[in-house]
Amino acid sequence: MSKPVCAVLGVGPGNGEAFARRFSEGGHAVALMARRGDVTDPLAAELPDARAYRCDAADAGDIERCFAEIRDEMGKVETLIYNAGSGIWGSVEEVSAEDFETCWRINAHGAFVASQQVIPAMKAAGGGNIVMIGATASRRGGPNSAAFAAGKAAQRSLAESMARHLWSAGIHVSLVIIDGIIDLERTRARMPDKPDDFFMAPADIAETVWQTSRQRRSAWSFEVEARPFGENW
Amino acid sequence: MSKPVCAVLGVGPGNGEAFARRFSEGGHAVALMARRGDVTDPLAAELPDARAYRCDAADAGDIERCFAEIRDEMGKVETLIYNAGSGIWGSVEEVSAEDFETCWRINAHGAFVASQQVIPAMKAAGGGNIVMIGATASRRGGPNSAAFAAGKAAQRSLAESMARHLWSAGIHVSLVIIDGIIDLERTRARMPDKPDDFFMAPADIAETVWQTSRQRRSAWSFEVEARPFGENW
Amino acid sequence: MSKPVCAVLGVGPGNGEAFARRFSEGGHAVALMARRGDVTDPLAAELPDARAYRCDAADAGDIERCFAEIRDEMGKVETLIYNAGSGIWGSVEEVSAEDFETCWRINAHGAFVASQQVIPAMKAAGGGNIVMIGATASRRGGPNSAAFAAGKAAQRSLAESMARHLWSAGIHVSLVIIDGIIDLERTRARMPDKPDDFFMAPADIAETVWQTSRQRRSAWSFEVEARPFGENW
Amino acid sequence: MSKPVCAVLGVGPGNGEAFARRFSEGGHAVALMARRGDVTDPLAAELPDARAYRCDAADAGDIERCFAEIRDEMGKVETLIYNAGSGIWGSVEEVSAEDFETCWRINAHGAFVASQQVIPAMKAAGGGNIVMIGATASRRGGPNSAAFAAGKAAQRSLAESMARHLWSAGIHVSLVIIDGIIDLERTRARMPDKPDDFFMAPADIAETVWQTSRQRRSAWSFEVEARPFGENW
């Protein structure tokens, strides 16, 4: 298989699916990684050279196993998009130590484990892309994001450490901060009065991820914001 | 003239010229604004539908006069790229109050005046782009950038204020932080031992500015970094 | 006169007066600098060894003249508190280029000029304090602080540049960010329904400035926040 | 026992011991919490009303058990200083997933669990202090702090979330960023050529922690830097 491989860890309806479509359109064979197959299986059937993998981002062993399969079946990964996320909301008085751990494990620890799986081949190849998908909470701890923001902050710090370490080896590590509400069936249902303009289109976010991963290496971005024009920030 | 107009304030060899070329290639008629004509005049002759304007970013009246001419001759501005800059280096003990003022006037005050010239037509049109070109110093005051960083910090704050105010009107205000040494005859002469990889290609930076200005409005970026992959940051 | 001298530039009712009282209580002879004498004259009569000076922070020559007088009459300055401020509110469409300049001149340029007046004697003495009084707007440009925030951002950048340059000479440059509404007759009148707890007591802010200026030099702070406990941030 | 109780989690030679001494001097009964007793046992014998507790910050159950004992034996905690830390250095290629987890568990998860132990009584009392001890790495991920910085970033985010949630209940949550090398036998041995001035005195840091915890509530600080005057930053 001569297409470059893009692995998307965390493919649900919305961003994950849009990333897969954009990179497929851009000429990649896409590894679609998700806990369940409801989105990934039909998508693998639709996109040329795509494959679906069952993968639980909370389980380091599972991530390792899954990347081994991808290497065997699709070859080395050229772009890793880490889109797994867990957003448990609540203040320090409301969330539990288990919630605090879950948010960190899926947002940060999984990103660490997945990155370690793809870095050696990228170094050998002299290039590659690792894009982590962050959120407003990556930058600050809100009163009701005690668990979620701590996980996202750890992810952001890891991405920054990796960028500083790996850029000079030609590996473009970046962090895309999504600062808005994504247009999904469930967000529309939760906010029925919001106009279309309020929501972020997954395809638009995917375009930003794509463009970031294609930047020429004399002018790379690390932290990239994606925010709807009508957002109050 | 049916092409959209891109006004670049601050066109020297390097970034300004590259911005003009990229937007011309992208279908814009480009207004080339600079204090002197040595770069802008031949460029205006080369690029289709481009025109050169003499403009001193340190002089508010001159900026106003110049934009009035552009409106008359080329029409309303769709994209403003504020690339004027003044980099006087030195610590608080080394720079003068005049240096401090010059850096602010060119980096921040000129950006304010130029923006006020283009905002009304952009609001009327329901859209537009204002891109300010920042630097590492936009984010922090180094020991030897007492004057320069203060001017760049004022520019960054202005850009942020404008973004928060104007995005909802469809005007995409953004700030591109250039965090590296640009590949120019004079920087090469100053650093003869550096490898090619060390320098930032103006065309690559221009590509980032272009992509930022074309982002879809459900996923806009405000602050965009451009940094060479080998930079130690 | 053997007392160390504290110069407060910008003494009105509220913070400036409170700073003067706190440093007087701490054993300083205080130079009270303000455009008018309504607060400074009675205060100079009340506080031991204090003196009032007419000084316009928007006028570089006036600042220089005033510090020359202080040096003659009171001796070298051990602590400079730069409290002059100008808060013109409005978006980029509402404020004028003159407003933009005024905010910068009083918040940033005056701080630069005043600092240059006191640095030489501090360097000769191997120590000293320069405290700049910032605001929420020092850190970010809000939609309605196009002029004010740009001035405060320039001041913050200058303070950081100075800290990086001067700390190693024993001069403790710091920036106190006031992130709340100060308890003044005019703020009470503007917000008659707010509880006492909502407001920041100038004496409490003054205590923070005092403690910062007395930190031991193995553990200095640069940017110090002061925010009321009930503030929503 | 009528003295307010200060619990220091993480008491080794250096900062932890200095915090205990400063709060004891300030009139607190100090609970000295550490994995081993070599520092805490003699210190408990020396400081009036102090007690030593064995506590492993990596073990949530142990933290809970320990605070239950403190409540029984000393009463409710007025000030919690979370000083446990784990600094494993290395890039993403050098540290293991276990290192990544250890850094997070001790720097962030332990802080979460300990905070949950003291918050209810603080809320009932209408006041209290929670001080977390951060590091340069709290703010950014360096190339060689992939694991450490991610743990510290999670801690910082948690502290910020807690501050935003708990300040209005009178609980002063703060984060002290230690940006330098602490003066310890082992750091002196590692850097034998550095002058005295290079190092941070634990007693000076303790003074900053003390002053922060005594700030009046109309002018609280959240993030407090402590940095030696000669540090290059």
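Order of writing sets the labels: A, B, C and D. Residues in every chain begin at 1.
By definition in this document, a residue touches a chain if its C-beta (ideal position, glycine included) is under 8 Å from a C-beta of that chain, and two chains touch if they have at least 3 such contacts.
Owing to the predicted nature of the structure, the values given are computational and were not obtained by experimental measurement.
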Common touching chains of subunit C and subunit B: none
Distance-maximising chain from subunit B - centres being C-alpha averages: D
Rounded Å distance between subunit A and subunit B, as computed from the means of their C-alpha atoms: 32
Whole-Å gap between the CA centroids of subunit A and subunit C: 45
Residues of subunit C whose C-beta touches two or more other chains: 164
Interchain pairs in contact, sorted by label: A-B, A-D, B-C, C-D
Touching residues on subunit D, where the partner in the complex is subunit A: 60, 91-93, 97, 100-101, 104, 108-109, 112-113, 115-116, 119, 137, 140-146, 149-162, 164-166
Subunit B residues touching subunit A - in the complex, by the definition given at the top: 164, 167-168, 170, 172, 180, 183, 197, 199-201, 204-205, 207-208, 211, 215-231, 233
